[in-house]
Structure formats: C-alpha cells, structure tokens
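First chain A sits with chain B, and in the next complex the same chain sits with chain C.
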Partner chain A sequence: MMTVITDNLPVFVVIAPLFVAFILPTFARRLRLVEGLVIIANTLWIAGAAYLASIVLSQNGIPITYALGGWQAPWGIELKAGSLGALFILIIAGVSLMVSFFARNNLTEEVGSYERVARFYVLILLLGGALAGMAVTNDLFNVYVLVEIATLSCCGMVSARKHARAAEAAFTYLILATLGSILVMGGIGFIYIITGHLNMAFASQELGRVWQNSPHVVWMAFSFFLVGFGVKAAVFPLHVWLPDAHSTAPAPASAILSGLAVKGYLICLLKILYNVFGQTLMQQYAVQRILVIVGTLTIMAGSILALTQDELKRRLAFSTVAQVGYIFFGFSLINTKGLSGALFYLVSHAVIKSTLFLAAGAMISATGEGKISGLAGIGRKMPITVAAFTVASLGLIGIPLFSGFIGKWYLLLGSMEAGSVIPAVVIIAGSVLCAAYLLPVIRVAYFEPTPEVDVKDPGLSQKVALIVLAAAVVILGILPGPFMELANMAATELLVLK
Partner chain B sequence: MRDFILKQVASIILPFVCIYGFYVILHGAVSPGGSFAGGIIVGLSFIAFSTVYGIEKCRAKLPEKALVWTESFGTLWYGIMGMAGIIKGAPFLANKLAGIDVGVPGKLISGGLISFIGIGVGIRVASTIITLFFTMMEEEL
Partner chain C sequence: MPDLIFALLSGVVGSLIIAVIPQVRNRLRNFAVLFFCAAGTFFSWRVAIAVFAGESAEISGEIGGFPFVLSPDPLGAVFGLIASTLWLFAAVYSFGYMAGKNRQRSYFTFFLLALSATLGVAFSGNLIALYLFYELLTFATYPLVIHERSAEAMKAGKRYILYSLSGAGAILIAIVVTYSLTGNVDFSGEPILAGHRSSGLNFLLILFIIGFGVKAAIMPLHRWLPAAMVAPTPVSALLHAVAVVYSGAYGILRVVYSVFGQELMRTLSFRYIFSWVIAFTILAGVIIATRQDIMKLRLAYQTVSHLSYILLGAFTLQPWGLAGAVMHMISYSMLKITLFFCAGIISEHSGKTRVSSMGGIGRQFPETMAAFGVATLGMIGMLPLNTFWGKYYLMKGSVAAGMWPFALVLTGSGIINAVCFIPVVVNAFRGEKAHTNSGQKTGVALMLAPTLILVVIALFTGLWPGMVWPAVQAVVNWYF
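== the complex of A and B ==
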C-alpha cells in the first residue's frame, strides 16, 4: 500500500482535490457534509504534499519523474515533482486547508444558497488541482490546459457573490484572462512549430539547437509568454482586472485568488523561462531586462495605487499587484540567491496575503463597512482577527522575524550579486510604501475611538484559521528551514539549464 | 394541435438521434468523432425534445438530480478508470500496461480503457450541455 502511494505520489497530489470536487455537487443539499469532505480532502492533500516534500528533501532535490499511462516522454505526458513542485503544492494545500476552515459556516451569507456554496467549493478544489498540476507538469500543452482550468474556476469564484459589481468584475476578468490564455497558447504553438516537442526538457534541448535558424519565432514566443502570463499574473500595465476581481469576490475566494491563483501562473512562467528557454536565450533576447523593468514598475505602481485606495479589500488587491512585482523582479536575477528569494517570497506572500484577506473579510462582515475609516476601534472588539491582520501586515512590510523579510533579504542579496542597484532601492522603497498603506489600517483599528455598535465576532473555526495562518507567517520568518532549503534546491535546479 | 407535424416528426427522429449519439460515443476509439461529439449529439436530442414538447416535459424525463449525478460521476468515472492502472501496479491511466485487453485495431472493442472512459465523458458532456440549456432557459433576466 505504502509503495503504491509513494510510486504514484506526483499524480495523487494533483487528482486528490479533483476527485473530491467531482463528487461534491451530489451532496449539495447537505452543507455540513460538503464542508467536512472539503476539509478531509484538504487534510489528506496536505499530508500527501508534506510527504512529497520530505521525499524530495531526502533525495536532495532530485525530482521524481512520472510518465502518465506508462507512455515515456517525449510521447507521453510527463510529471516532474521536484523541489519547486513540492514547495508550491505544500503551500497550496496548506493555504487551501486554512481557507476551507475559515469558510466553514460562513459562506451562505456572502454566496447564497447551499447549492451555490457547494459549487463554490467545487471551484476552490478545481483551482487547487489545477495549480498543483501546474507545479508538477513537465508538458507544455498540459500547462495550457491547467491554465484554462484555473482561469475558469477563478472567474466562477469572482462571480460567486450575487452582485452586479461581481458580475462585471468577473466578465472583465474572463475577457482579459482569455486573451492571456490565447497568447500562452500561441507561445506554446511557436515552441512546438520550431522544436516539434511539447515536453519541456526535449523542447529546450531542441530549442538550443535550432533557435538560430528562426530567431524571430523565439522572439515571438518570448513575448507571447511574457504578455500572456503577465495578464494572468497582473503585472503593472496589465493589472487592470485584478483590483475589481479580487475585491468583489467573497473573502475566502479573495484569499485563494490573491494568495495562490496568481502564483500558479508565475510558477508556469518561471518553468517556461528557465526550463524551456534557458538562461542563455533569456540573456540573448534581453528578457531579463524586461523582467527587471516590469518588476520594478509593478512594485512602484502597485504600492502607489494601493496608497490611494479607501476600501480595505481594494487596497489589499493593489498590494498584491505590488508583490507580484517583487516575484517578477526576482525571476530576472539569474543567480541562486535571487531565484530562491523570489520563490520564498512567493510562498510567504501566499500565506501573508491569504491571512490579510481573510482577516479583512472577517472585519468587513462584522462591521458591514468596506472602508478603512469604518473600522475604527475594531481592534478592541475583534482582538484575534486584528492581531492576525497586524502580524501579516508586519510580514508583508518585511520586518525581521516575519516571513516577508527573508524573501526580501534574499532578493536584495541577489540583486546586489547581479550588480543592479536601482532595483535594490526599489525593493526598499516598496517596503516603505507597504508600511505606508498597511499601518494606517492598524492605527485606525487599534487607536481610534470605538463607536457604540454591535460587532459580530467570527466563529471558532475562523479564529483557528486566522491564528494558524498568522503563526505560519511568524514560523516561516523565524525557522524558514525546510522551505528555504526547498527554494534553494529549486533555484539551483532551474539554473542547471544554461 | 398546431405543432402536429413537428411533434410527429420529432417523435420519429429524436430516438434515432439519441442512438446515433451513443453510436458515436462507442465508436470513439475507431472512427472520427468520439465521446465529446457523441455526448453533444445525445444532449442535442434532449434539447430538441424540450424545444418541441416544452421544457417541463423534458424536466420530467430528466430530473435535476439525475443531471447532477451523471455530470459529477461522468467525470469521476474518468478518474476511477485511471485508477485501474494504479491498482494493477502500472502508472495512472495505464491501458495496455495495466493488463487490459486492447483487442484488434479497427474493431469496436479495441480501445481498452479508452472505450470505458469515453462512455463516462460522453454522458458527462451530454448532461452538461443539457444543464447549460436548462439554466439559460430558466434564468430570470
């Protein structure tokens, strides 16, 4: 039994959430059962992910390759669960588990009837499965399919609320994300035309041989991938859909969308840039410079736009744009420190931003007030929620002992090693701006006089979710051990291909 | 009695359309088409039925619960079939490696696992397309 699980682990971590997603609609009328199933599935999933991570760690980062259906690459679809995949799946499963805890007994208010809630859970699990697939797949067309699954489930989650604004945001997202999908598809097509392979390893081998024969096609492929994944991951000029979509979705959906969905596309981009094109081509086509420019622009623009927002969830959504900028910038640093910093930052941002969105959701549903000024004095009425929000904010700003600091520190070291000074300044300026837009929320919540209104404290499972996530922010900051090790291995592995 | 001809013609044609859909699904492994196209044809027969005879009559034949169950388990079926490989000690979705008889190429029973997966996918596609149609028809604007 154990060997069966060990042998098939890379596929189990992908299909486990999908399996549960498919049986949920049949129990739609019994919400307790649905929620219980989702939590059990997520628990099993995180156990599988932790086991996978421990195997990868014990093998010193040597990936487990898995040929679906027994068809070996380049003919069949190959899964490759290396340190990158293990790290990302672990964080997806962890955040999903906590989000499903938070969503317990809490969704009917925002989403509606039991059937709608059940469908919402289906979408969460589908998205989780798709993201896990992105983390382990080694096949370009598979990437496209998973990107589509993830995009469509995100659209469903954005429109989950019965609200005209939610429908509008979901429609904008659908149009722009479909545009992104088409571009990604085009990029994959270009690679396939010149290499004749869809498997990443074989495609990159062939690409190294033939790229000089058709340099313009490679150029097109690069730009299609950058713009396509750029739309989906919301880098600066292409971010227009994100604030609406992430701020109108229900709180658990915002947490998953901001914390995980955006990261899935970034992981895909990272794998395509480093595992298919490789460093030499990236330098040849100055993709690195584009990433630096776009990344720094995104950090500054996202932070400044976040400062101008009055609504708490919109402010957090713009902050997501800024943090994507950090990760994008990290991808441009072709050295172990920078890449592992970007990956660790990705992990810590997933935890931090889901905490922030969940806490914000709890505060907003308690006061019925979306504006920051409406949260005056709430820190005394909802101590745990606001404490979790504070811890996560400090993490996002990058105070030492919180997880954001380590990611930013490695990004700084990496950019110093790459000899670029301006991005280093931008990283620090971004942190200052981050403090400027998050600390006022905490000040309002703790130090403004409390108006005499009834505030509904969140339930026990919501509190547990917030406490665990906030604890994770601190633990990742103090003992980043295995996560940093996985990120390091992943960075080393990505840099193998020249 | 205004739609007498339409109803008579539909009552003769639609059963054959439905059967043709299943024919396409089952021959997915050996001829053009397949479970998606076949599923669409099966779904289409029900959609045509509900446009001719009214949506309530079609609802009576296909209760919501049946649609939800076929839709969910049609997809789950794919996964369960994939597990056959794992149970036999071969990778996920393994076909011949899992010891399944793949038959003689060109004959009806020649896809091994593919035919079984195709049935699930076909039923799922049919129920999805019917659900989509019902949802659009009954949506309050």
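== the complex of A and C ==
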C-alpha cells in the first residue's frame, strides 16, 4: 500500500490540482462548494507535496522516477521528483493554498459573477498543476506543453477583471508570452534535431557526444531558451509586459503570478541549462556571463523602475522584475552555495511576494486607492494587513531573521566563491533600493495622520492567510532547516552533471 | 548568563508592554519605562562586573543556519555600561521633555526597543550577531528620528535609513568576504583574520570602515547626523550623541582589534589613509560647528568631530591609544549628553534654539547654563573634567605610535572647541536678563536633575580617574 502511494507521488502532485480543475466547472453556480473543493484539493496537494519532500529528504535527494502510462524513457514521458521538484511543489502548493484561502468570500466583487469566480479557480488550479509538472518533468516536450498551459492560464487570470486595462495587459502578455513559447519550442526542436532525444537525461548524454558537430545549432538552442524563458520570466529588457499584467490582475492572481508563475519558468530554464546542456557547455558558450550581465542589469533596472512607480501594485510588480534578476544571477554561479542560494531565494521570494501582493490587495480594496499616498495612516485601521506587509518587506530587503537574508547571504557567498565582486555589490545595492521603494509604503501607512474615512478591515480568512504567510517569512528566516537542505541537495544534484 | 538574557530582554519586553498601555496612561507608562530601563541598566552592570572580573558568559545558538553568539568581552561591556546607564538618565529627562506632548506611546516604545538593540550590539560575540543588532538598531531608531512627523523630519528619516542601510550593506559584503576567507566570524580568541597576509585585505578594511563609518559619522558619511537633529532632544542626546553613533565607533574598534587584529593592521597601508581622514574629520567637524547658529546643529557637528577622537585612538594600534579611545568613549558620552540636555531645557522653556539669541539666557537658567559651561570645559579637554584623561592618553598613544601630528590635531581641536562654545557661555551670563515667554514650566526638575547629576559624575571621574580605570585596563589587557 505504502509503495503504491510512494511510487505514484510524482504524478499525484501534478494530477491532483489538474483533476480538480477539470471537475470544478460542474459546480460553478455553487460558490461555497467550489471554494470548499478548492481548499480540500489544495490541502491534499500540499499533503502529497510534504510527503514527497519528506521522502526525498530521507533518501538524501535520490529522486523518485515515474514513467507515464508505463512507457519507459526514452520513449515515454518520465517524471522525476527529486529535491528540486519537491522543494518547488511544496512552495507552490503552500502558497496557492494560502492564496485560495485569501480569495474566499472576496473574489466576487473583483471578478464578477459566481461563474467567473469558478473559472478563476479553475485557472489557479491549472496553473498550479502546470507549475508542479514543470518541477518534476524530465521530458523536453512535456516542458513545452506545461509552459503553454501555464501561459494560457496566466493570461486568463490577468484578464479576470472586467476592465479595459486588464484586457489590454492580457493581450500584450498573450502576444509576448506566445513569442516566448515559440522560442522555447524552437530551442527544444534544435536539441531534438541534433540529439534525437526529448528525455533530458538522454538528450544531455547525446549532446555531450555530438555538440562539436553542430556548434552553431547548440548556440541557437541556448539563445532560444534564454530569450524564450527570459520573456516569460520577465528579465530586463524583456519585462515590459509584467508590470501591466501583474498590477491589473485581481490581488490573488497577482500573488500567484508574481510569486509562483514566474518561478516555474525559471525552474525550467535552470533544469534545461544544467540537466540538458550541463556546465561544460555553459562555460564553453559563456552562458554564465550572459546570465551575470542580464541578472545584474535586471536587478538594477527593476529596482530603479520600481522607485519611480506611484501605484503600489505597479511598484511591487517592478520589484518582482528585480528579484527575478537575483535568481537569474544566481543561476550563473556554478557552485553549490550560489545555486542553493538562488533556489532558496526563489522559495523565499515566492512567499514574500505573494504576501506583499495579498496585503496590497487588501489595503487597496479597503481604501479604494491604488496610490501609495492614499494609504496614509492605514496601519491603525488594518493592523494585521500592514504588519504582514511590513514583515514581508523586511524579508525582501534582506534583514536578518527574515527569509530573504538567507538567500542573499548564500548568493553573496556563492559570488565570492565565483570571484565576482561587482555582482555582490549589485546585490547589496538592490537591497538598499528595495528599502527605498518599500519602506515609504510602510512609513505612509504607519506614520502619517489617519484621515477620517471608513476603512473596511479584511475578513477573517484573509487575515489568517496573511498571518500564515508572514509567519512563513519569519520561520523560513529563523529555521530554514528542511528547505535549505532541499535547496542544497538540489544544487548538488544539478552540479553533478559536468 | 541569565543576567545577559535579562539585560537584552528588558528593552524588548518593556517596549511590548508599553505598546499595549493606552495612550492616556502617562504615569503608568513612565513608571514602566523607568522600571525596564533600570532593569536593563542593573543587569548590564552585573554583566559588566562579571566580565571585568574575568568571567565569561556566552550564549550561542543558530539562527537561520548561522552561528549566533552573544558573549560580552571588556570592550562590549564598557559600551553596554555606557549605553544602559545613560539610557536611564535620558529616560528621566524624557519624562520631563515629553510631558504634554503627542505620541508618547510610540516614542517610549521605540525608545526601549532601541535599548535592547544597542545592548545587543554591545554584547554580540560574532559578526552575525553584531550585524543583526546593528540593522535592528537602525529600524528601532527610525521612528524616533521622524517623531515630529514634519516634512523635514521625514526627509531626515529617509536620509538616515538610506545611509544606514547602505552602510549595513557594505558591512554585509565585508562579513561575507571574511567568512569565505576564514570560515569563522567569532570575536573570541585570536582576531578573525590573524595570519592572513594580502594587500587585498586593504579593500576589505575599506568596506568595513565605510559600513561602520556611516553610523560613526566619519566625513564624508556624516550628513545624516545633522539632519537627524530634527528628532526630539532626548533622542538627539542619547542616540545621536551616544548610542547609535557609538555603535558605529564600537564597530570600528571591533573591526580593528577583533577582526583584523593589531598585528595585521600594522601591515595594511590603508590605515594611514583612514587615520588622516579621521584627523580631517576631527578638525573639519568642529570648524563647521563654529559656523552653525542653531544650537543642536552646532552640537551635532561637534559630535562628528569627537567621535573621530575614538577612532583615532583605535588607529594608533597602541595600548595608550586604545586606553584613550575607551576613556574618551566613557567620559565624552556623559558630557555630550549633558550639553544636549541643556540645549533641550533652554529650547523647551524659552523657545530659543539659536546661539545668537541666547545672550543673557544664563540669568534665566542659571543651573542649566552652569552645567553647560562645565560640560563645555570638558569638550575642550580641561581638568578637572574626565575628558582630559581620555585626550591625554590619546595624545600619548599618538606620540607612542610615531604619529605625533595627530597630537597636534587634538590640541588644535581643543582650541577650536573653546572658540566654539566659550563665547556661548560667556554671552549667556553677560548682558541683561532675557525676558521671554517661558511657555510650559512642567517637568523642569525632571529635566534638570539628570543633567546636574551627570555633570557631578563627570567631575568626580575627572578628579579620580581611577574609578573608570579598571574598565579601561580590562579592555587594553584583552587586546594587548
């Protein structure tokens, strides 16, 4: 019995949200039922993810492989749930549980009718399933399919609000993201042409033998992947779609888009770079240098642009661009410390940014004001929301005791080991800029006189979600134990392949 | 060890309790503040006495996978003593100063939180703990800087936090470099970098000095300090003349003696550059001070100058120089806080903040201006004030280190200090009695008492410097 569960875990953590997504529209008219189902599905999902993580931890990171439909690799699609997958799925499941909890009783006014709410939940679950799939799949074409599912559901979420700006943002996003998908597809095609394999492990082996025969094709594949995933993960200068898309979406959608969706593409890129191409090829083609340059540019550009934003959600969206830069830069560090730092940073940012977006959403819907100056004195009226926002901000700035610090510390250690000093300075400069764009929000909320207006405090489930997420930021910062261990294992595993 | 925990917790617990006491319960709140400040002081004294007696207390653990050690050594104990004791005085002064003002609850909450952060800085036993509390101190004191909530205060707060966080960023990089070089961040035992020889360490030194130099207000990193003078006077007195700025100076002492160690420091050529930057700060700070008309700004620039006395002592790498630095830390803090207290009393009760308008003010506030006058002599470094001894050892250390020009710098600074403040005192007692609308009269006693007591203590320690000598000797013996 146990082995049945264990053996099927890799596929369970992908199928669970997808399955519920498919049956959800049947109950579309009964909102309570939909919400209940979503939360039950999410709880099951998170239980599966936690169990998977515990197994992977107890096996010292040896992955569980699963052949879909019984077709063994290299012919069939192989799922490989290792430490990277377990870590990421745990975070996806956790964050989306909290986001769904936050969305309870709250979405109708932002999205519209009950049916639209149900559809919105379908999209959240589809996205979750796709992201979980990206984390465990070991098949290149499967990556493409999942990327498409994720892209389309993101697009749906962006346009969930009946608003001209939302439609425009969704359209821009659709065009650029599809462009990204095509490039990813092209990259996969190139790999397939020269290796004849779609399974990552086999393709990588074959690539090691044949890459010298067609060096330009490899170069094309590299650049297609970098640009394709770069568009989707919104690295500078391909980030143009992100601020609009993430700031016009409803709060729960922004939280998931910024916190999770972007990370899925980054994980895909990481897997393709390290598991398919491998370090030798990365060094051969100076991909590292591209990652460093793009990463540091993204950190600076995102942070500076965030400073210039007046609207809270846009500011947070640009901050996401900057944080993607950190992770992107971390991918360039071919050492355990740097890579595990990047992965931990990814995890911590997923939690932090969803907290920030949810809190921002609550503040904005309470005051009806999207500008930062409109939040004056709100700290007294909605203490829990602003406190959660504060904790998450301190985490993002990288104050010790909060999760962001640990990620930054290992990124810094990794860059010292790689001998890159300037990126270390950029990391710190990014932190200071982060303080410069987030602390004013807190200052306005706490230290400016409260205007005499009615402010609607968020409901109980919103508060619970915010408290849990903010607590997670602190707990990850003080006791990162299993998460850091998983990140470490994942980094070691990625570096095994030469 | 329980003493250590109690000393650190008293501020945090106190601030949590004060945060829940309703805004209007002033007496209850003042009582709680006094109680927790006294507790912090009491336990810091116990810790310090144990440390000077050679006992070691250590709390070590892990936070977020990082080693986290609290273990006061003599230098930390001295800083903890200075900070916590003056906190008590500043608390009493604050009761008088804040009486009848708005936002007292927020003020005292962060006032106590900052006590814990400062003691944390003082008692930290490795770089990680030091960094943590150093950051915490920035955030705990920010609300005090912007207490007035005016546009000017907000601007000062922004500048303060950006300067401090940039400095902390430099420190973080430096810590990461140190850690990746040695795998060790502990202050106990040998200096962390002992045995490493590389000219690249010069750049590491720059990072550390820039980082801590922000709070220690080394020029050109000092600009936040005069701006922060918009804070209420007790905050300026305690934090911007003692606790916060000392945490920077203390950090530099730590870097020089615990991270690099004096032997390694001798091989680093950049220490000469820093010594001259410090000497420049000493002179430039006090020269700028003479040109300020607003009393608090004048005092602020003088702080910039005097903080560098301490750093100069650190950079002599001589036992006498270190003794002078520690001595100056102890004695200067008492007198500088007195000067600020006096300025606060005058501005509260006569509304006068400008030096040019203070003619004849001594007739109206005889005790205050007398205290001010005595403290002024101390700033110059005259007997029988305790600052004389600090300056004496600093000069001795400079000469012993072969850096005799710095002894001249110190003398020159003393003369300019005299030019800067003696006329203020003389004018205050000359001319006719100023008739001003003395606004509120509440809390004069509460403000005056700590001021006068501090002056008396300063006189006593000046006449019998042996009273503080055991502490100074403990620090010097620890490092030499």
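Basically, the second predicted complex is superposed on the first by the 496 of 498 C-alpha atoms of A that agree within 3 Å, B and C clash if a C-alpha of one lies under 4 Å from a C-alpha of the other, contacts with A are read in each partner's own complex, and residues count from 1 in each chain.
Note that a residue touches a chain if its C-beta (ideal position, glycine included) is under 8 Å from a C-beta of that chain, and two chains touch if they have at least 3 such contacts.
The shown structure was predicted, so the numbers you read here are calculated from the model rather than taken from an experiment.
Undergrad: When the two structures are overlaid on chain A, which partner does A:W75 contact: first (chain B), second (chain C), both, or neither?
TA: neither
Undergrad: Does the superposition put A:M484 against chain B (first), chain C (second), both, or neither?
TA: second
Undergrad: Could you let me know whether more residues of chain A are touched by chain B or by chain C?
TA: If we count touched residues of chain A for both partners, the winner is C.
Undergrad: Examine A:F405 and indicate which partner it touches, taking first as chain B and second as chain C; both and neither are also allowed.
TA: second
Undergrad: After the superposition on A, what does A:M416 contact: first (chain B), second (chain C), both or neither?
TA: Only chain C; A:M416 stays clear of chain B.
Undergrad: By the touch definition at the top of the document, which applies to A:N8: first (chain B), second (chain C), both, or neither?
TA: After superposition on chain A, A:N8 lies in contact with chain B alone.
Undergrad: Counting only touches as set out at the top, which of chain B and chain C does A:P25 meet: first, second, both, neither?
TA: Touch partner of A:P25: chain B, not chain C.
Undergrad: Tell me, which parts of chain A touch chain C in their complex?
TA: So the residues of chain A in touch with chain C come to 394, 397, 399-401, 405-406, 408-409, 412-413, 416-417, 424-425, 428-429, 431-432, 435-436, 439-440, 443, 447-449, 477-481, 484.
Undergrad: In the complex formed with chain B, which residues of chain A make contact?
TA: 4, 8, 11, 15, 18-19, 22-26, 28, 66-70
Undergrad: Help me check something: in the complex, which residues belonging to chain C touch chain A?
TA: Result: residues 63-66, 128, 131-132, 135, 139, 143, 146, 149, 154, 157-158, 161-162, 165-166, 169-170, 172-173, 176-177, 179-180 of chain C touch chain A.
Undergrad: Mind pulling up the chain B residues that touch chain A in the complex?
TA: Interface residues on the chain B side: 68-69, 71-73, 75-76, 79, 82, 85-86, 89-95, 97.
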